[in-house]
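Beneath this line is the structure, given in structure tokens, with notes to follow.
Which chain is which? They are A, B, C and D, in the order written, and residues in each are numbered from 1.
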Amino acid sequence: MIEIATPLTGAASTGEAVQFWILAVIAVAGALGMVLCRKAVHSALCLAGTMIALAICYMAEGAVFLGVVQIVVYTGAIMMLFLFVVMLVGVSAEDTVKDALKGQRIAAVVAGLGFGVLLIAGIANAKLRTFTGTGAADAKAGGNVQGLAALIFTKYVWAFEVTGALLITAAIGAMVLTHRELTEEKQSQRDLAERRVRLGTQVTPLPAPGVYARHNAVDVPGLLPDGTPSELTVNPTLRARGQMRDVSGELVDRMGELEASTAGWLGRRTPKPRHSTELAKAPAAASAPAPTAEEPQE
Amino acid sequence: MNPVNYLYLAALLFTIGATGVLVRRNAIVLFMCVELMLNASNLALVTFSRLHGNLDGQIIAFFTMVVAAAEVVVGLAIIVSVFRTRHSASVDDTNLMKL
Amino acid sequence: MDNLIPVLVGLPLAGAAVLLLGGRRLDRFGHWLGVLASTASFGVGLALFFDMLSRSTAQRPAFDHLFTWVPVEGFQAQIGFQLDQLSVVFVLLITGVGSLIHLYSVGYMAHDERRRRFFGYLNLFLAAMLLLVLADNYLLLYVGWEGVGLASYLLIGFWQHKPSAATAAKKAFLVNRVGDIGLSIAIMLMFSTFGTFAFGPVFGAAHTASQGTLTGIGLMLLLAACGKSAQVPLQSWLGDAMEGPTPVSALIHAATMVTAGVYLITRSSAIFNLAPTAQLATVCVGAVTLLFGAIVGCAKDDIKKALAGSTMSQIGYMVMAAGLGPIGYVFAIMHLVTHGFFKAGLFLGAGSVMHGMNDEVDMRKYGGLRSYMPLTFVTFGLGYLAIIGFPGLSGFFSKDKIIEAAFAHGGTEGWILGCAALVGAAVTAFYMTRVMLMTFFGEKRWQPDAEGHEPHPHESPKTMGIPMVVLSIGSVGAGALFAWNSSFVNWLTPVTGHEEGHSPLSSWTVSGVTFAVIALGVLVSWLMYGRQPVPATPPVGSLLTRAARRDLLQDDFNHVVLVGGGTHLTRFLVYLDAKGFDGVVNGIAAAVGGTSGRMRKLQNGYVRSYALSMFGGALVLVATTLLMRAV
Amino acid sequence: MSSFPLLTVAAALPAVGAVLTAALPAATSAKRRDVNKVLPLGVSVLTLVLAAIVAIRFKPGGARYQMTEYHSWISDFGIGYSLGVDGIAVVLILLTAVLVPVVMLASWHDADPVANDAGTFERNRRTQGFFALILAVEAMVVLSFEATDVFLFYVFFEAMLIPMYFLIGGFGDRTVGEDARQRSYAAVKFLLYNLLGGLIMLAAVIGLYVITAKQGIGTDGHGTFDLGTITQALASGKLHFSPVAEKALFLGFMFAFAVKAPLWPLHTWLPNAMGEATPGVAVLITAVVDKVGTYAMLRFCLQLFPDASKTFGPAILVLSLIGIIYGALLAVGQKDIKRLIAYASISHFGFIIMGIFAMTSQGQAGATLYMVNHGISTAALLLVAGFLMSRRGSRLIADYGGVQKVAPVLAGTFMIGGLATLSLPGLAPFVSEFLVLVGTFTRYPAIGIIATIGIVLAALYVLVLYQRTMTGPVKPEVAGFRDLHARELVVVTPLIALLLFLGVYPRPIADIVNPAVRDTMSDVHRTDPAPAHPITAAQVAAANSQGGGQ
């Protein structure tokens, strides 16, 4: 059967077309980047890019209000929330290359491709050639925002109220979920101190992190007198995440350099620089890079 | 240009998001993929709104955003509390239902 | 008066019920209760007989309808009784001989702790047998038919602790059941042909049915008769049935029950008369059995089994006579009655001998008993003379008539049948003489029994003696009484019909030839067993003798083909059921289990894996939707 | 007709009794435990009284369904709580009501806990649970017989599986060596088999509804499940099945009933279930629960799908014929008393189904009588066998021998049960078996003739069983056997009395059944084959004058 092509109405202007192609490339690249980046932070940033591109698309399509909301709510609020949680959970946490599920990746890609082809075929099959545009509707209400407002508070007022309730519920839910119930009376500093003495483990306060004055980051363990790093100095959360940064080798590496510069300054003879590989033989185990957090626990 | 291209873009993004959900293991990234899918559908809704010349599509997209916000709040809270107990954000680690 | 007919059945039935349910408190006098029930029934029978005599021929049959037994749409089975000339003969035979044997059993079973039960069973038998001959329709007859089978089963297996007795009882019941198939199919055929199975209507309408149907009914009735009357090919149970107490053998397996087949054929004369093929089959069965039984009787050393072979043979005569049609019915019944007397007498005599010989049954361990047991010898001897057809005694009148009727059948068939009957007579004379000689003559070959008791032969107590005397009187005189003035023929003709046969040989010729072959049989027997001593251990014997000792290999055939085949079939089916049908069921279960075991692996606990399945499902849904739209 | 809901009460009584029994306080002593059993026994006896009242109030010549009750239940689907009984149902309800107290009395100690070594009393509700479950089964069965709504029937038909499952799986035959695995296998097999049948039937039930809805049989465009309405619509031609639909629906119903009945080759669950259950429960299975299957064939298959019944009749007859001979042959080959009786039952169910599908008055009346008689005779044989087994703790035939000598009453009752099983004339089963055979023969002579082989085989397995267990030399283990004691005699006596009475005078039951059979025959539009050469009145007169007479 021969399709008779209907004339296209409401076509996009050339400017919009150019804009679309640029934005489309950015959006797809952002999306792919989000999926492919191994670090969550990178994924979040890619997604933010895609969202901004989409926001501009909305505006181009006449949904000015939505475009703004997209930027304010999504890119501004939701993505920030994401970033907060990423920080909380671990910036550097990344997926291992090897998937625990055999064939999952291939199956997912195949299914995804199939789905995409189906969707696109479906859209192509629909032969949409008449785009009315929302201009008339906007004009009738006196603008896009006014139009939306009129609809939200009349036709969709019920849904609007319900989503309001949903939002409140979600907020309370988030609080409940992250709230931790105290199962016993909160221990005061005095209690803690007494317990430490009673147990006799670590009576004094824990040593501070950081190696001399060169590092003051919380994730860098302090060095013991013999040059080995002490795990005690690092916050247990970071330890649990395996995000302890061992810089002892680096320090030793730079020790020679330091000594040389000091000697130069004092006019002494420089001793032979000692290399970290020699020095770090004994505590090699302690200073070995901590396992990544995302090692599957099979 | 036929505005239907927006729909193709939406379909593409949706597919990428869906595949991402299946491929990634980090719960946060997983969530981001879901957000991408929602955004893709929003784009489609806005385009449909343009197609039909009324604002209902935009309204629905608006609601989608609200619901997505709520969902993200709850979802991230869940991720945080899971992380607290299991010290991991990988969805593969929450497989206690496994036999 | 007609209302008394159910009483005939009711008395022994009540006796049986009281004796079987009464418990141990009846042990002391229960047997006399049994005798009383039986004798009272005989008395009622006599009263009814004389009542019948007093009426004109047309008025003689009496009916008593009790109630509708099975009232179903189109199928109305009645409990109704019919007492005609034929039935009354049987009633008198059954209750008369039955009472005598009850009396005999009082002595014979005196030392058995379960005597009360024995009398209960005997009464049950009488009730069932009377029901059989008094029923006015085939279905009620069937009740009696199986009832006597049950009583026979209980009595053969009375000494249940003996495995051989229990097996024999089971065998008897089973073989009879095979015959019963015939009766039930015959009834079904009658019902589908005539819509009824009451005697009167069926016989009245028999001529309207097709030849094929009548032949079918006739053959099926013959099958039933073969089972009950131990005719070839269903004869194998009778020899084993001798495991029962001897009074049982006398009453059930000689005088009454085994003749029920003859009654059935005679009763159904209206059908047989119209079905020549069935008649021919009947004659053949009778002739074959009369020779078969006689040959088996010659080879047995067990006195009761020899008599059992004889019974088979004599019933063969009756069946043959019944198969001859109107020229033979009356003589079949007449021989039946005379045989009832002399064979019961012979069995009671045998029982008396066994009683005196520590229950020894092997004739090779008897010998010379005539002086120790004179009464038994005399009564047994009279029975012997009667059975071989010694002129003037009852067997002579009945058997000669049958031989004559066989010749009168006409044509080649007539000659063949007549000659077979003559050969049978000669062989009968031979083996009966053999029994006589081995038991009562010659030297003593007594041996101590298993427990080492030397036998001390003695005459039996009076309760056993009187029945023997009475029966021997019957053996001597019944034939002459019946033959006198053709009274028996005239009595039965209204029921069975009678035609004079036109024998190619004159009556006197037949009698003469018969007497000659009998004398020959006696002579040969005397030469073999009378003149020379009988060895205590049986000689090897000819092939025929050995085969005859094993009932002409019929049991072996049954054992190999039926029992062996059946066992294998059953084992195969048990295997098939367990592995085949149940295997399929369990296989399905295992397949489902295995599949779910594999499916279970899909539930691996990984969220992403579930998400993939959902996504796949969504894919399929979308694809289907699009396809459906496209189509 | 008074408005007193007699049928509901008759079914509700055991149901309430079951709940009450379960709720009784747990027994604190063995004596209290026996006291706890009195309530369920009393309830079952009361139910028997009610069933007798139903039977007495039933008027054989009256309306087809009597004592009807109707309450709308799920009106959107035309489902009603509609009860009513015809003759066949009355008879079967009576059978159920008779057997349940007998079974209870026979299983008096079957569910008692095993005495432990310390002799301490185990305090739990297990024992009374057993009796409560029996009452529950009774309630379901009675309701199945009473339901005149297809859906209502289906509900109870399936619901009775639940208590039965627990009775089989939870209370094994401890007297004969418990094997919990075998038992749970049997129980699960029973459940799955019957559930599968039930599911297929459910599909057919829904299909039936859809067809009635499409053809506007029910009210307000809904379909209906009401049997009476559907039958009337069928008769008046308002409802018409397409041939394919009718066949499919018939097969759907028939499959469930054939599993339940059971018809060869769907029988394999029965020997397992009967073998592992206590004798009393085995009686419930074969004599009560399975009867619902055969009853339903008569009630639903024939009535709803007359044409399909006609089409498939011969095939089903052949299956039932195979079942008769196959079951009997397998019974001969069994080593286990209870499995032997189970296979004998399969053979007997073959006769019942044959009678139903022979489509003659004699066949159907015979089949109905057979259901009753088989229930009584099997109960007698199985319960006496149970008494026997409880004395020796074995169910193998080879472990017995010579019982007749030490326990003559036991042997005697066993023999009567056996004789009834082999359909000895004079005992009740003979009448029904012969009616079935005659009814089949008039329409299908060949099948009728072959089926008679079953008679011989029945004699074979019964007598072999009797010979091996009861006769012969007394085995040493058997020598100490007690004869039947009072409770056991009370159990056996009514059964044997019924066997004898119904063997001689089956008229009371036949009179109730006949009108129902007539109705069913007219439902399937069949008449009995006329005799080839019917007796004319003139011939009868002639025969009478000749001296034949009737």
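Going forward, a contact is a pair of C-beta atoms (placed from the backbone, for glycine too) under 8 Å apart; a residue touches a chain by one contact, two chains touch by 3 or more.
From a predicted model like this one, the values you see are computed outputs, not experimental measurements.
Innermost chain of the displayed assembly, by C-alpha centre distance to the whole-protein C-alpha centre, is D.
Mean C-alpha positions place chain A and chain C at a centre distance of 103 Å.
Taking each chain's centre as the average of its CA atoms, chain B and chain C sit 94 Å apart. In terms of their C-alpha centroids, the spacing between chain A and chain B amounts to 15 Å. Averaged Cα coordinates give chain A a centre that lies 72 Å from the centre of chain D.
With touch defined as above, residues shared between interfaces to two or more other chains in chain C number as follows: 604, 606, 608, 612, 615. Multi-chain contact residues of chain A (touching two or more other chains) are listed as 100-101, 104, 107-108, 111-112, 115, 119.
In chain B, the residues that reach two or more other chains under the touch definition are 18, 22-23, 25, 92. Chains touching one another, given as pairs, are A-B, A-C, B-C, C-D. Looking at the complex, you find that chain A touches chain C at residues 100-101, 104, 107-108, 111-112, 114-115, 118-119, 121-122, 125.
Taken together, the chain A residues at the contact with chain B in this complex read 8, 10-12, 14, 16-17, 20, 24, 27-28, 31-32, 34-35, 40, 43-44, 47, 50-51, 54, 57-58, 61-63, 65-66, 69-70, 73-74, 77-78, 81-82, 85-86, 88-90, 93-95, 99-101, 104-105, 107-109, 111-113, 115-116, 119-120, 123, 128-134, 136-138, 141, 144, 147-148, 151-152, 155-156, 159-160, 163, 166-167, 169-171, 173-175, 177-178, 180, 240-241, 293-294, 296-297.
By the touch rule above, chain C contacts chain A in their complex via residues 604, 606, 608-609, 612, 615-616, 618-619, 622-623, 626, 630. Residues 1-9, 11-20, 22-26, 28-29, 31-33, 35-36, 39, 42-43, 46-47, 49-56, 58-59, 61-63, 65-74, 76-81, 83-84, 87-90, 92-93 of chain B touch chain A in their complex.
By the touch criterion stated above, chain D contacts chain C in their complex at residues 189, 192-193, 265, 267-269, 326, 329-330, 332-334, 361-362, 365-366, 402, 404-405, 408, 412, 419, 424-426, 430-431, 434-435, 437-439, 441-442, 445, 448-449, 452-453, 455-456, 459-460, 463-464, 467, 470-474, 504-507, 510-511, 514, 517-518, 521, 528-536, 539-540, 542-544, 546-550.
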